[in-house]
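Structures follow.
Below are two complexes that have chain A in common, paired first with chain B and then with chain C.
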Partner chain A sequence: MPVLLVIEDGPEYEEFARLFLAERYAIVAARSAAAALARAPEADALLIDLRFERARPEDLIGDAEDAARRLFAGDVERARRWLKEQQGTLILGALREAGHAQPAVFVHDFAPRRLENLNKLYGRVGAVPGFDARSILATLEALA
Partner chain B sequence: MRPSPRPWRVAAALGVLVLAGCADTETSDAGPSVAARWADARARWHIDRDPAAFQAWREIDPATPEGREAHRLLAEAEPLYREGIERVEAGDADARDTFERAVRTAPMDPVLYLPLARAFRDQGTQAPDNPHLFIRAAEYYRKFLAFVPHDPRADEARAELAAIDPDASRLFASPLETSPRDDTAPSSAPALTLTWPLAVAVLALALALGAVGLVLVRARARRESLDSLAAAKPELHPAIHYLVSSLRHELLKHRIGAVGAAIEALGRGGATEAQVDLLRGRLYGGEPLTEAWAGHLDAFTRALGPELDLWQTDRRFREAGRAIERIAKLETKLDQPRAHARLRDAHATLTALDRWLGDFASRLVRTRVDGALFRDVVDAVRAEYAAGQVPLDEVVIRSPDPAPSVEVFRVDLVLVLKNVVRNAILAVGGHAPPRRIGLDVETVLEPTGEETVRIHVRDTSPDELTSEEIYSRRRSRGLGLVTAALARYDGAILVEPGEGEWAKSVVVRFFRADDDPS
Partner chain C sequence: MTRELAARLAHDVGKYVARIAKNAPADGPFPAALVPLLVEDLYASPGGGRPSARFAALAPPGELAAVREAFAAIDALEDAVRGGDPGACRRACALALEVEAALRASAREAG
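Take a look at the complex of A and B:
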């Protein structure tokens, strides 16, 4: 059975995946970028949370100092918040950089332009607006 | 805040509320409409955080179990809100904890927005380097004026808001003294016997009425629909956006949108009792729909001026008003199949208005960062006395085609850029030629898939300027409103070294509008 790696900062996605996607995928989970990088070799597909608001600061990836300087007029706190709010995309970037090219799906209503950009950057990225098992499976299948 | 991506949990929460409402229905003496209204009122606060929820809670009849609960919670929350305000006044960093407890309990009485605004204003005065305090103060003044416009302290609040945000205070100017619609006019005039002098008087009166009629017809021709007013007066966009959002949220979504499925079920002849209860509660419970509609339209006129005529000139609102009246008349006919079709049609008209308003409101808050915007800004600054005296050798304006859009009201973006351009012109004016300024824009793709829009205002002045100086000097250089506006839109301002012939570049950064098609 193919393996779906669920990457999020809490238990909700994993709980959902075990309830509604377990017939098609074996579910494994990671709560941080480091854990995701460790488990990625065994995964056939990725289901990723966008926001990691419950993550510990030391688990976040992304350069807060650089983001503060470039984007937030030196406000490091605001930059850290941004990294949390967008952490899922940054983890996907780290996975791609490490050579993991599996299909990845976000449960988020990205505007078409944003999704296009994510595909330009990372390839094989899909998004579904809500927790709809059929849509998630169909999107993963389309990206396979 | 957790993202919307927990919809099944939200749905579950809503389900719990609905079920709670249904359970109450079976045990409550007050009947289903009170239970449904109480569930709705709770959802308006605990899910939507709608400030108008306070009124909805207070209107639950205290003679019912639901009303007793609502009033008990309101009474429990009020001292917490007051304590929170006192803690803000005292500069207590833990005031947030008190507010969180209050918010979890019940909505705040909108009259408390005024002391809350004053507390933030006073804190802002003591900490001029933190623009967020003034932003919060302005937000609470606006809420106070929007939700309790007739409070005796409204004039004081307007003056205080004007001192920290003149543009916003104009949008909440004193309500016009409009005469109420005259429902008591006699239905017929007394019989007259025409005599010669009276005939002359009647003729004169007719001529006078004719002249007044002509004036009225001409005045009518100058009346505006909502979109024509928005096109003519971009400075009103923030107020229009606020009013449209209130109308959509409070009436079109909660009362009209919520009953779509129930109307469909009614039309198919398969509506359950609970669905019919929901429909009756939303359409005929609480404030009559016609009064709620009139209240919203009057708020538009008060805030935007008497030239706005939503009742007659604006076709979409005129048709929606008729749909509201049709729905009101169908209250006692819901058991008739013909009424179902009429209800469906009226619902479709209002849903179409809601969709149009959604598109309209989102267009209001999009601004294209193009050459036309830059030229408007430069022209406006050059029209000022001091900046107009500086002899400029060149103004270089560049923008890509298509230009990017940002999610910022045009009036606010112009305010920000005018301040930066003014400073650049005055800075080059203090030095020998060549005196040049430049405006251009670039977009940068971030690793998150977002794009940032970087507006450069470049100049040739050798005066040194750093990002820190902009923030620390903002109050003395007119940049307080700039940083406040930037904070409102999650924007930032920074200084970068110049390239080529430029000495430096002040960069104003926003995120690109997500749905920008270009």
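Take a look at the complex of A and C:
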């Protein structure tokens, strides 16, 4: 059975996946970028949360000071919030950089242009607006 | 409403409140195995607090009245949902889907 790696900062995606996706995938979970990088070699597909509001600062990836300089006129607090709000895409970037090219689906209502950009940057990225198991499975299949 | 706030409401409240509601079977008996997770979605937010309280804390006063009403109805169903009453669970699922749709529409509108 293919393995789905669920990447999020809480238990909700994993609970959902074990209930509604487990007929098609063996479910494994990671709560941080480091854990996702460690588990990625065994995964055939990725299900990723975008916002990591509950993550501990030390578990986040991304350089807040650099982001503050580049994006927020030096406002480090705003940059720290941004790192949490975009952590899922940053983790996907780290996975791609490490050579993990599995299909990745976000449960998020991205604007079409944003999704297009994510695909240009990372490849094989899909998005489903809510926890809709059928749509998630169909999107993962389409990207496989 | 700011784009950031609308996105936060759609994510922190709308998406999670409808997690089980979106996948519960449309007819037949409401699966008992789903009741505890439905209760979690409807009455405990990720990160703490009830979704209705999280919504009330974040939403600007006077906006999203339909969502306020839906949450009032969801909260009124709490005892019956916790008890696994199938009619209450189905009604609460329908209300949760209304909340999700309204908050997603609001986020799209905000850009």
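Heads up, the rule we're going with is that the second predicted complex is superposed on the first by the 144 of 144 C-alpha atoms of A that agree within 3 Å, B and C clash if a C-alpha of one lies under 4 Å from a C-alpha of the other, contacts with A are read in each partner's own complex, and residues count from 1 in each chain.
We take it that contacts are C-beta pairs under 8 Å (C-beta built on N, C-alpha and C of every residue); 3 or more make two chains touch, one makes a residue touch a chain.
Everything numeric here is computed off the predicted structure, so don't read it as measured data.
Between chain B and chain C, whom does A:Gly74 touch in the aligned arrangement: first, second, both, or neither?
A:Gly74 sits against chain B, while chain C stays out of touch.
After the superposition on A, what does A:Arg51 contact: first (chain B), second (chain C), both or neither?
After superposition on chain A, A:Arg51 lies in contact with both partners, chain B and chain C.
Contacts for A:Ile61 in the overlay, against chain B (first) and chain C (second): which applies, first, second, both or neither?
After superposition on chain A, A:Ile61 lies in contact with neither partner.
Pick one for A:Ala133: touches chain B only (first), chain C only (second), both, or neither.
The second partner, chain C, only.
Report for A:Asn117: first if it touches chain B alone, second if chain C alone, otherwise both or neither.
Only chain B is touched by A:Asn117; chain C is not.
Tell me which of chain B and chain C touches more residues of chain A.
The larger set of chain A residues in touch belongs to B.
Kindly classify A:Asp109 by the partners it touches after superposition: chain B alone (first), chain C alone (second), both, or neither?
A:Asp109 contacts both chain B and chain C.
Quick one: is A:Leu90 in contact with chain B, with chain C, with both, or with neither? Answer first, second, both or neither.
first
Show which residues of chain A both chain B and chain C reach, each in its own complex.
In chain A, residues 12, 16, 50-51, 53, 107-109, 130-131 are touched by chain B and also by chain C.
Which residues of chain C touch chain A once you look at their complex with the stated criterion?
It comes out as residues 10-12, 14-16, 18-20, 22-23, 33-34, 37, 46-47, 100, 104, 107-108.
Which residues, counting only chain B, touch chain A once they are in their complex?
Residues 1-9, 445-452, 467-468, 471, 492-494, 509, 514-517.
Considering only the defined contacts, which chain A positions touch chain C in the complex?
So the residues of chain A in touch with chain C come to 10, 12, 15-16, 19-20, 50-51, 53-54, 107-109, 129-133.
Considering only the defined contacts, which chain A positions touch chain B in the complex?
12, 16, 49-51, 53, 62, 71-75, 86, 89-90, 93, 107-115, 117-118, 120-121, 130-131
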